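Pasting the structures here.
In what follows, chain A forms one complex with chain B and a second complex with chain C.
For the complex of A and B:
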């Protein structure tokens, strides 16, 4: 009995320590966003100020980087949603020669180290004489965004009964109505989760971006460059803090959405 | 009665596989028609051709006198109850049932009223707000039925609808399906691999084997006058007698079917046999005997005395009960 009671307490402490280890550094980032020391990260902060919020707000380079990141992430996610879903539907719904190979080839970019993908794309763009631009970044990001959407969609397709589509047709719905009233509602939460994950992956991507970007700076690249400059360091922290807050909410939303969605989809069996 | 469904030389091939091969069939309007056969015999393919999920490789299909080839499922006045029910998991029971009406643009209150009525028909009123996943297998089956029937189809297709239910529920549903059929007066086409189900429910049965229809007839015809060894075997386990044996006992030199319950024990005459096995089944006793090297099964009424294994007995049957068949296949 004695040891039975002590073990959970030790476990609780260990678990708590683990969580602290994971999340304290993020809190530190927040604290440094308000420090009065702008050249180095000094602990404890010599004083607290909110002036960096205003400084950040007035820096046009940040807005440019943010706009580029949002644009790149949005378009790559859209491409991924379209191609990933179509590919998932093909792989899970029909049998054709080379199906397994295609399935593997779609997933491969996420298994490859980003640096390999980056170098490969860079040399390919060079060979094809494609100038580096926002679109080359988007293409690079789409390679791994497609995988995330594909994985989510394929899992949902496999779990839902193939005869649902036939049942819909049988009840008088044509192809478009079946897509609208049966297929999309059934995969909606999977697409939302896949899309959000794809967006988040693209939004903080550094490695592939460095190889596929020209002069453009996405937000993570901007942060990386900002870190090596000695002045106005807390600005980086303000940006980091805002990014955390802004991305945390949708991800929390996606988590709850797919949790409910899983219950709905699982209940069909 | 007019013709609901006409198959003329219909084939469905998948590459070299002949799922359905040169099938001729006619189903009358208002008939309860069973398609019976082992798995892979083509009966489900046949059903899918009627529903419109498949197109024939060759031949001609007519539904109520209209050509069916090229007509998509959503333009056929035919509805299906799927083997796995295929209820929409994102909709509740009422919306599932109302789906067909929603697609046709029936106004909301009107379609919910019809859906409630359909649920009432299958004894599920009041469950409309549940999700399909919260229902038992038997209830889901009923929802699938209601969802098909609410569209007032002229033909209802049922693809092994009772396969996933346990025995008690299955017998109950058989009864209810028969009642529904009587009540609605529409054509039911029922696919099953269970010969008892086919015999007890259908007005007529088509027996499938290897993509072909081997016999069509009423359950009595199929049972009493099987036209081939396969039918005799598949529909109730019959004794299939080879031509030389039939000739030796006074028939023509043809294959014959002899039902176990047509055979009785006798003291004189008949044929000498020795008992190989006996099993008491409650309502009856199944006896296996050896007649000059041929194993024959017979059913004895339970009141009869059970002979011991190894005992010598004499068996006999009325000549009319020995049914000569067209083929030994």
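For the complex of A and C:
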């Protein structure tokens, strides 16, 4: 649906106000990261300073939390890439009994409230006597990251044509060569985009993590403790700003990678 | 395939190539190999955990020893029905409904503009304008609202500058939606929920609106429909699957959240907080499990109704 008419002014205002509502609070964080006020959230800031950047840089606990978050997100993303791609390939290339059930099962971890996933994993670890470790966090994260990779890969598989694979086989390539030289290059950008989003999702996750982390601190858990009991407001402000900046990059990257998705070889029909 | 064996090249040497050939000749084996890892992972870890949760909700806790009594009973579910717990459920469901309705109202103009009028660069800008808030950190978004709603924060400052503090105070003195300040009132909780889940409503709504053919609107106008009538009788029914798809997210996410009401809101509990506190300090895992079953059941009914309304085509 598209119109060449000009939009009514009321619609423009409503849409613009909605977008402002979405963006202004985040922009506010950038101002607060430089405030000189330490004890309250005073607005307007009484003065501006960059000293909190240095203070935050020298905090070992934040570096540790960041390292754990990156580790968890990397491993979860790798697992999700493998499982999500396999599942997408199976679901999009063939019809079989239970296909609908499988796509429902992939979506379920993200369709059900996070707290359900969290407490379900927690009670399963309890029943099975599994102690909390980095791996229990990864187990939970990989489970809901699969769906992001799956969605991206399924969309790409649907658009790329099966005759490419047949052509490769006709030219004498075996299955692994076809995978290496035809299938993977075709889906590479979709996987990269899915992987980036999975990384962002895992890096940011807190609800499931609170149930599976035990005593460990990922960066979101560190943030959460600061939110519940603010003790070091300036440092939290800086961490919040850095997190915003860092999550923007994979999203912009994923956007540019999937934007030209229509120009894939073999998509023309 | 089997009938023309002669046309197939002789088997190639090398273990890997033989494997490749075998897989090509037995597509079912390949399918099985592809499906096994994801199905095992999700089936064992995820569905297994959900099952463990369900089982625990049928256990009960011994009031005197505080230990879990591993016997099948419906006692824990009966405990859900005492007024205090029923209040929590009603409160959470009403909040989820209010957030969903408000999200539709706020999301509609954005989705409509993006689908019908935005072009080229503006289209990309709208897309990123929705995706960036969607994907930026959940906790940072809540934190931003803590800054906005704080007593010494920007919102109170704005009201004071506009000489409207009296209006804010009159609003806060209202029963139910008011409170001591915005950050400890239901209004605050509501605003943050709305903010955090809004992009989840915009995206499916926009997808549904993109699919409305423009000539339908022209036809409606040609037949004498006023813009209001066109909206009511043409656009809204066609956008409904998108609205339902979006409401699945806003509803489900609000039902299961325990962090937003904990940080911004009154001290009255939501389902998520009840689950969290029962499994944590109280150690009453059966009751926590039973509480967690409530959103599953509500979402199950919701999804079933949504499927009947054809909402899944808009995802």
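Here is the rule we go by: the second predicted complex is superposed on the first by the 248 of 269 C-alpha atoms of A that agree within 3 Å, B and C clash if a C-alpha of one lies under 4 Å from a C-alpha of the other, contacts with A are read in each partner's own complex, and residues count from 1 in each chain.
Throughout what follows, contacts are C-beta pairs under 8 Å (C-beta built on N, C-alpha and C of every residue); 3 or more make two chains touch, one makes a residue touch a chain.
Here the structure is a predicted model, which is why all the values come from computation and not from measurement.
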Would you sort A:227 into first (chain B), second (chain C), both or neither based on which partner it touches? second
After superposition on the shared chain, which partner residues are touched by A:215: those of chain B (first), chain C (second), both, or neither? neither
Scan A:185 for contacts with chain B and chain C and give back first, second, both or neither. first
Examine A:176 and indicate which partner it touches, taking first as chain B and second as chain C; both and neither are also allowed. second
Give one of first, second, both or neither to describe whether A:58 is in contact with chain B, with chain C, with both, or with none. neither
Looking at the overlay, does A:207 come into contact with chain B only (first), chain C only (second), both, or neither? second
Let me test your reading of the model: by the given contact rule, A:163 touches which partner, first (chain B), second (chain C), both or neither? first
Tell me which partner A:139 touches in the superposition: chain B (first), chain C (second), both or neither. second
After superposing on the shared chain, does chain C or chain B touch more chain A residues? C
Residues on chain A lying within both footprints (that of chain B and that of chain C): 169, 174, 177
Interface with chain C, chain A side, in the complex: residues 1-3, 5-7, 11-12, 14-15, 18-19, 21-23, 25-26, 28-29, 32, 40-44, 79, 82-84, 86-87, 89-90, 94, 96, 102, 105-106, 108-109, 111-117, 119-124, 126-127, 139, 142-143, 146, 169, 174-177, 197, 200, 204, 206-207, 210-211, 220, 223-224, 227-228, 236, 240, 243-244, 247-248, 251-252, 255, 259
With touch defined as at the start, can you tell me which chain B residues reach chain A in the complex? 51-53, 72-74, 78-80, 82-84, 86-90, 99-100, 102-104, 131-134, 147-148, 151
Quick one: in the complex, what on chain A touches chain B? 160-161, 163-164, 166-174, 177, 181-182, 185-186, 264-269
Please output the residues of chain C touching chain A within their complex, sorted ascending. 12, 16-17, 20-21, 23-24, 27, 31, 34-35, 37-39, 41-43, 45-50, 52-53, 56, 106-107, 109-110, 112-117, 119, 124, 126-133, 135-148, 150, 152-154, 157, 195, 198-199, 209-214, 217, 248, 252-253, 255-259, 262-263, 271-272, 275-276, 279, 285, 288-289, 292, 295-296, 299, 303
